[in-house]
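There are two complexes below, and they share subunit A, which is joined by subunit B in the first and by subunit C in the second.
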Partner chain A sequence: MSEPLALTGAPDEPSATGSVRALPSPAVAPARRRALTEALAAWALAGPAVFFLLALFFLPVIGVLVIALTDWQFGALTLAFVGLANFREVFADDGFRASLVNTIVYVLIVVPGTLVFGLLIALLIESGKSCRSFYRAIHFLPFMATLTAMAVAWEALLHPTIGLVNQTLAAIGLPTANWLRDENTALPVLAVIGIWQNLGYAMVLFLAGLKSIPQDLYDAADIDGADLWLDRFRTVTLPLLGPVSMFVVIVVALRAFESFDTVKVLTQGGPGHASEMLLYTLYRESFEYLRTGYGAAVAVVFLAIVVTLTLAQARLMDRKVHYQ
Partner chain B sequence: MSINMHPNRLLQPSAIVRHAVLLTTGALILVPFVWMVSLSLKPPGEIFRASFSFWPTQFYGVENYTKALTEAPLPRYMGNGLIVCALILGLQILVCAPCAYALAKLRFPGRDLLFAMVLIGLLLPHQVLSLPLFVLGYQLGILNTYAALIFPYVVSPFGIFLFRQFFKTIPDDVVHAARLDGLSEIAIVWKIMVPMALPALAAFSIFSVVGHWNDLFWPLIAVRDESLMPPPLGIMAFKSEESGNDYGPLMAASTLIVLPLVVAFLAAQKWFVEGMTGGAVK
Partner chain C sequence: MASVSIDSIHKNYGATSVLRGVSLSIADGEFLTLLGPSGCGKSTLLRILAGLEVQDAGSLSIGERAVDNLRPKCRDVAMVFQSYALYPHMTVASNMGLPLRMRRLSTFERLPLLGRLLPGTARIAAEIDAEVTRTAKSLGIGHLLARKPGQLSGGQRQRVAVGRAMVRHPAVFLMDEPLSNLDAKLRVQMRAEIKELHQRLGVTFVYVTHDQAEAMTLSDRVAVMLDGELLQVAPPQEIYADPDDRRVAEFIGSPKINMLDGVVRERGLIDVAGSTLAIGADALAGAHLTLGIRPEAFHLAERGGQGALTGSVRMIEHMGSDLFVHLDLAGGDHPLIARLLAERAPHVVPGQTLHVGVGPDRVLLFDHDGRRLRQEVESGRASVTPIREVAR
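Coming up: the complex of A and B.
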């Protein structure tokens, strides 16, 4: 766009990338003009994205904070500042407290479960040469598959009388349960489905991490006397998987916090509040019960947790984890 | 290299253990899929007789799949999913690629601020924004239309981030050469940068389509009409209509909804895996 103009002003322009300071003074004015056109072009190119980021991300965040701090309801024309009243209502509600605790318990089951199984399967796949992509494909499948539809399949599996799970347990003489209707099992069962869905993702991330470990390091470890697989694993593999592991913890934790589909399809948060989780509470209060202020307060709590988690772990990652 | 890593011996004990464990875990992972397909082929009597057999004694697949395709507007749901995913992806690329190019290759005041905005956008879970976005959709008068399903996703912070990372790896000389050839900045984006960033484009496309084909949360809020429902919402509607009594057609519908992504995944596994991990491990 502006380049031909600048070229007429300074014939030796192509070398400008490296040696801006060496330019003769007559080139300064075109250079400044070029900087201006470059800035204008940049803002024109980024303009639509900026507009939509503001309209669809930043404005709504402010909106949700405003709704949470006022008495505004859907369709209302006026609103008044009510301070933290909505938050007090939320935290005084047994249902919300149960939802918060359930979500934390769910995350504390899903994250380690996904991490351990994902790492083990990745190590097993990487330890041999044959059938790698076959095994990778099988274990990754649940992550791709539409969870709503798979939840319907899980419901059939967990059916108290005709489900495969109870049939199998009965056949080998173990006690059966009404998995999704029992307050002791509903949440753990959802967590198992969460692990089932996410472990392939963790596996794929670990596989990429394993592949990026240079062979030199294993050779060096060999020379240093790390003959056993376990020695090499402890001294090379595990430390070098640090960044990937932290990343897996973050993304799986965030995905677990955002679990919604299985709750909606399988339990609707029940029995009682036994399997209610934050996002389901947010959805139900905001859009089914139309308790706008309550819903917004739940959204703010949810946002605070997610942001804190991401930032805390990003800091942890900077401090503790090995980088190349 | 030590002796126990000899490559010619295929059936070492460790290799057998590896296959045994991976086949077991793989089989367990596949159980829900296998059971879903199995039930979709069985008549009601056989489903409720509860047997272990995968293959039905009386093949009822045609009846179940016909019922799923005709009694529920399943083709409609899948068409909706296709339209919504395609429009979202097209708009995202249109909006994100130029912005990513500006961030990666141009120097301008406010660039760091813009990049900070992208990172903050990455941090924000979309569900938190659903209440204001619902109000916005209501104000615009677009609730319960295709536009309602699409508008929150027109810009993707992840898309901008991914494209920026990839564009940064393209040498500046390429951009300079294009400028010398007289290409405008916007032409550089579409004729040089995006074609060179095909891996990133493929990765992002897969990420976006998988995410929106599978999304239940926002469609549940944005549309009411059955004729507008994308697949996950459709399967829920079908499930509540059938009130859980007619497993065969329900499983057939679930199978059909899961099928497109599974087939695409098996056909282009490498691309999918890279799409889902793109930019994650560096």
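Coming up: the complex of A and C.
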């Protein structure tokens, strides 16, 4: 492009200039047209995705952000902008603070628990020879099943008098508890159910990760002298599962932050606020108490935490687990 | 340093027999190459030698010591893999130091944080670092110690893999196609470096490859394997010029050796492709033989008939100093490649009729089982002597 521009800057060049200047223009026009067609095609192809992303994600997020700044109540015909009042109220609320802490504790139990037990089960299945697909299937089932239905089953198991858990504990002489109604056990029990549910997912990913570790590395470790189980695990297996582990951590952490079904079905956040978690708080404020503005503020806080967490994890762990 | 002795090794995978009684002895300090097409069992033999797989029958010893029941790390061997098998999460220094750390430090001393606090660990670790640095420098990778394998080029990774093998001074180096992941130019360069390394270290090398150029240039002896058996074990020159078996002759050499069907007319004369060659074969008149003639054994002849073959030129490949002339022989549908000096055959064109002569001593005779029939040209009276045992 710079050549024709330079030439037009010197109009009194000899006749050669004319021919040189004339040359690029027919070549440029089709190039421009091609670029335009390409851009149109690109937008046409990306269009549906862009539309749905806007309609289903960005616009609702903006909507929530706007509602969080108002005192709107669900179904109300009027609303007023109240600035950051909803956020001030959210952070001053003991209930919300308990809910936030509970959520963090829950995530801190569920993520490492899922990671460790998922890896353990994957290693056990991979090292065994028989019934592999059977074990894979039964461990993956909880992930596939509807958690609400499963929660009912858990409720039956954990029933203080007729539940199998307490009956078993009593039979072998251990103390029993009212698992879902005791403020010391309600949250840990929900976390255990969370681990149970996500275990299969982590296991399947770890199994795939284990399969992708080249046999050559184990052979090299054998020859180099790292041939005991722990040495092989530390030298080859664990480091090479790094990328998979990062993925599992991010996905399970997000799922743990979003857990709602078990809280709703089993404890309704109780006793007191002992097992209340962010998404349940959000639901109750917005749809039971109809304080939509307040609920939107909780949603914004929730969104901020999730986005920050994802970005931080990806940044931090990317450097440690991808070796290229 | 150690000799290696392999005695009637058998290996089956299910119903498939991969190694069928392979015996081989390798001298101390020798560079022996296992050469064969893929699937011939050469890598399996190397892995059995390393202890990564267990033979179904037969025994192994390394330096007078039976190693059949020893784990890989106790066999005093080091291996360079085709994929290099470097640990991707470790730096070059840690990769190379791992064999030493595993041997010299206890499990407790290797613990990530606690290990460093134990008395003596720091001193041993410093020794290991010094040895790794020395080895890396001798391989020209001293400046790469802090990098990870992902940041290295193919040639550099190869050197790291060699360094990891070298660092603990093993008695035997095992190399499984170490150059096949490199581009052609680098392969030639690394080939020379491996040869130099062998001369410098003077230890026993067992090298697996399917590339005959590597086998011929590197080895003291080449063991040609096919279908789980050793066909011939001999120095490269002998493998090329004096093969025991038709399959060896056909596997070695590029372009491939010409194989022509011939019929013995009478003692000392063989009819082949419409011509007659004066070759001593102590076979009955009418016996069918196969004549193996290397492309470079041909020379231009004035006329066909006695001692020369005649054919029409189908194609010519110019190789600089040489021409590869593809001929369709007159008396049949035998294709033939002759390698002629370019300056001696300047006017050859496709379609032309060409006569190529061959000296009787350059013709290799094989019976219909593919076994070599040796001719005694110098005795004046041609006769066939039984070949040596296949694969001593």
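We adopt the following convention: the second predicted complex is superposed on the first by the 276 of 324 C-alpha atoms of A that agree within 3 Å, B and C clash if a C-alpha of one lies under 4 Å from a C-alpha of the other, contacts with A are read in each partner's own complex, and residues count from 1 in each chain.
Keep in mind that, in the parts below, a contact is a pair of C-beta atoms (placed from the backbone, for glycine too) under 8 Å apart; a residue touches a chain by one contact, two chains touch by 3 or more.
This one's a predicted model, so the numbers in the text were calculated from it and none came from an experiment.
J.: One more residue to check, A:64. First (subunit B), second (subunit C), both or neither?
T.: Only subunit B is touched by A:64; subunit C is not.
J.: If you stack the two complexes on chain A, which partner ends up touching A:222: first (subunit B), second (subunit C), both, or neither?
T.: In the superposition, A:222 contacts both subunit B and subunit C.
J.: May I ask you to decide whether A:144 touches subunit B, subunit C, both, or neither, giving the answer as first, second, both or neither?
T.: first
J.: If we overlay the two complexes on their shared chain A, which of subunit B and subunit C does A:284 touch? Say first, second, both or neither.
T.: After superposing on A, A:284 lies clear of both subunit B and subunit C.
J.: Now for A:214: first (subunit B), second (subunit C), both, or neither, which partner does it touch?
T.: A:214 sits against subunit C, while subunit B stays out of touch.
J.: Between subunit B (first) and subunit C (second), which does A:255 come into contact with in this model arrangement: first, second, both, or neither?
T.: In the superposition, A:255 touches no partner, neither subunit B nor subunit C.
J.: Based on the superposed arrangement, let me know which partner A:240 touches: subunit B (first), subunit C (second), both, or neither?
T.: After superposing on A, A:240 lies in contact with subunit C but is clear of subunit B.
J.: In the superposed arrangement, which partner chain does A:231 touch: subunit B (first), subunit C (second), both, or neither?
T.: The second partner, subunit C, only.
J.: By residue count, which of the two partners contacts subunit A more extensively, subunit B or subunit C?
T.: In the superposed model, B touches more residues of subunit A.
J.: Subunit A residues touched by both subunit B and subunit C?
T.: 222, 227
J.: Which positions of subunit B touch subunit A when the two form their complex?
T.: Spelled out, the residues of subunit B in touch with subunit A are 1-2, 7, 10, 14-15, 18-19, 21-22, 25-26, 29-33, 35-36, 39, 47-48, 50, 52, 94-96, 98-99, 101-103, 106-111, 114, 117-118, 120-121, 123-125, 127-136, 151-152, 154-155, 157, 160, 172, 176, 179-180, 182, 184-186, 189, 210, 213-214, 216-217, 220-221, 231-233, 235-236, 239, 244, 247, 250-251, 253-255, 257-258, 261-262, 265-266, 269-270, 272-273, 276-277, 280-281.
J.: Write out the stretch or stretches of subunit A touching subunit C in their complex.
T.: Interface residues on subunit A, with respect to subunit C: 214, 216-217, 219-220, 222-228, 230-231, 235-236, 239-240, 242, 323-324.
J.: In their shared complex, at which residues does subunit A touch subunit B?
T.: Per the stated touch rule, the residues are 1, 3-4, 7, 14, 17, 35, 38-39, 41-46, 48-50, 52-53, 55-61, 63-64, 67, 74, 117, 121, 124-125, 127-131, 133, 135-150, 152-157, 161-162, 164, 167-168, 171, 196, 200-201, 204-205, 208-209, 212, 222, 227, 243-244, 247, 251, 254, 257-258, 260-261, 264-265, 279, 282-283, 286-287, 292, 295-296, 299-300, 302-303, 306-307, 310.
J.: Which stretch or stretches of subunit C touch subunit A in the complex?
T.: Residues in contact with subunit A: 47, 50-52, 71-73, 77-79, 81-83, 85-90, 98-99, 102-103, 107, 148-151, 164.
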